[in-house]
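Alright, structures below, take your time with them.
The same subunit A turns up in both complexes below, where it pairs with subunit B and then with subunit C.
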Partner chain A sequence: MSDLDVTTPPVTRTQIVRFAGAAGDFNPMHHDEPFAQAAGQDSVFAMGQLTAAILGDAVAAWLGRDRLAGYGVRFKAKVLPGDDLVLTGAPVDGEPGRYELQAAKADGGEVVLTGWATTRA
Partner chain B sequence: MSADAAASGPAAGLVVDSVSFPIEEGKLREFAIASGADPDAVLAAGVLPPTFAAVAGHWRDQAAMVEACGLDIRRVVVGGSEWEYGAPAWIGDRLTGDRVVTDVQTKPSGMRLLTLTTTLRREPGGEIAVTQRDTVIELPA
Partner chain C sequence: MSVSTTAVGKRYPPTVYAVGREKIREYAMAVGETNPLHHDVEAARAAGYADLVAPPMFCVVYCAPALGPGLFDPEVGIDFARMVHGGQQFRWGPLVVAGDEITTAVSVTSISEDGGRRYFVFESVSTNQAGDTVCVGTWTNIVRGA
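So, the complex of A and B:
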């Protein structure tokens, strides 16, 4: 199997709002621009769970949706509207069935999320 | 929140809240589209998206969770999440479980790390369908 290497379309405010509805996360930091700016942010930003879901779908499609045994992420940096993400994954040497994952900004390469996945034997 | 929780922080074993939600086709499609996935591929696969248990957020009060854990919401961030998959669950099933504090660590800096574990069982059947662990961080004051 080849490694995972996918570049997503830019994350948009509409996608963030769609995910707020889908996942039930109505923290105004993620959809209310004046609120986010009053809190010192440049703009609204994506929930970590949105980035986790985007990477999760890519990983499920890559490894096989019914083969996934576990998936985990650590949130490293904010994803802003307009960011394209490069999603990568590769097997971990010496650990069969375990994969290292990462999501990084296509522009500049900042890592926004690291993760892992395991598959059933 | 008890006075003890406010003074000393949360202890492992605390049951924060309970959740029970139905797996619905419309919600699944909405979640897939929001995640940039192909909803037809997700529905055809018959396997829940890896992070679908996050929709339990619809059915829980996150601010109340922070208060129940004795944390200062202004200093709380989520560090990460992980999922472990068990029995298959699908449209028509219900996922039910408690969210429990399973680990508490206090760093010398005053930073606190809580692990919240939600074990979701499939109804009918009662098998564990997915276990979600969230790391909640309270930054030092």
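So, the complex of A and C:
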């Protein structure tokens, strides 16, 4: 199996709003630009759950939806509208069935998520 | 001021979430997931599932109602204005499909302080209507100290 290396389309405000509805996350920081700016943010930004889901889906497609048994992420940085993400993953040496993962901004390379996945034996 | 750990071990009332076919489609669409298992009932059935399969991180949707009371529990004391980031880990059992009823119970696993940061860790255990454990989640919220 080759390593995971996928670049996503840019995250958009519409996608963030769509995810707010789908996941029931109505924190105004993620959809209300004046609210986010008053709180000191440059703009609204994606929920960590959205980024984790984008990476999780890519991992499921890579390893197989029915084989994916475990998944963990650490949130490292905010994803802003317009960011496209490079999703990477590779087997961990010496640990069969375990993979290390990362999501980084395509522009500049800032890491937004690190993580791991495991597959069923 | 050191962080209060009195809430460690606290359990919150389980919640039940009915997994809907259109909710799976809506969620998959929002994430940009195109796998037919999440959109096409016939494809899901042909692959051996009773109905549309939930994407992996759909667990956040069925766990959210169970997590809310703990996250906002004054005894836990998370200051959302100071939250910096966190992490999550999941172990999955049988795949969740449309029509499932998922019961999720949440407890406070640990509360600690290290290097000026406070770590609030919750565990969720989700079971389906057959009693299978479909997801065990560990949810870590990190908050800057006051």
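As a working rule, the second predicted complex is superposed on the first by the 121 of 121 C-alpha atoms of A that agree within 3 Å, B and C clash if a C-alpha of one lies under 4 Å from a C-alpha of the other, contacts with A are read in each partner's own complex, and residues count from 1 in each chain.
Just so we're on the same page, contacts are C-beta pairs under 8 Å (C-beta built on N, C-alpha and C of every residue); 3 or more make two chains touch, one makes a residue touch a chain.
Fair warning: this is a prediction, and the values are worked out from it, not measured in the lab.
Steric overlap between subunit B and subunit C is present once the structures are superposed on subunit A.
Of the two partner chains placed by superposition, subunit B and subunit C are both touched by A:Pro9. Judged by the touch definition given at the top, the superposed model places A:Phe75 against both subunit B and subunit C.
Of the two partner chains, subunit B and subunit C are each touched by A:Ala60. When both complexes are overlaid on chain A, the residue A:Pro96 reaches neither subunit B nor subunit C. Overlap of the subunit B and subunit C interfaces on subunit A: residues 8-9, 15, 18-19, 21-25, 48-50, 52-54, 56-57, 59-61, 65-66, 68-75. Residues of subunit A touching subunit C in their complex: 8-9, 15, 18-19, 21-25, 48-50, 52-54, 56-57, 59-61, 65-66, 68-76. Those residues of subunit A that touch subunit B in the complex are listed here as 8-9, 15, 18-19, 21-25, 27, 48-50, 52-54, 56-57, 59-61, 65-66, 68-75.
Remark: subunit C residues 23, 26-27, 29-33, 35, 37, 53, 55-57, 60-61, 64, 85-92, 95, 138 touch subunit A in the complex.
Those residues of subunit B that touch subunit A in the shared complex are 27, 30-37, 41-42, 45-47, 49-51, 54-59, 62, 77-85, 88, 133, 135.
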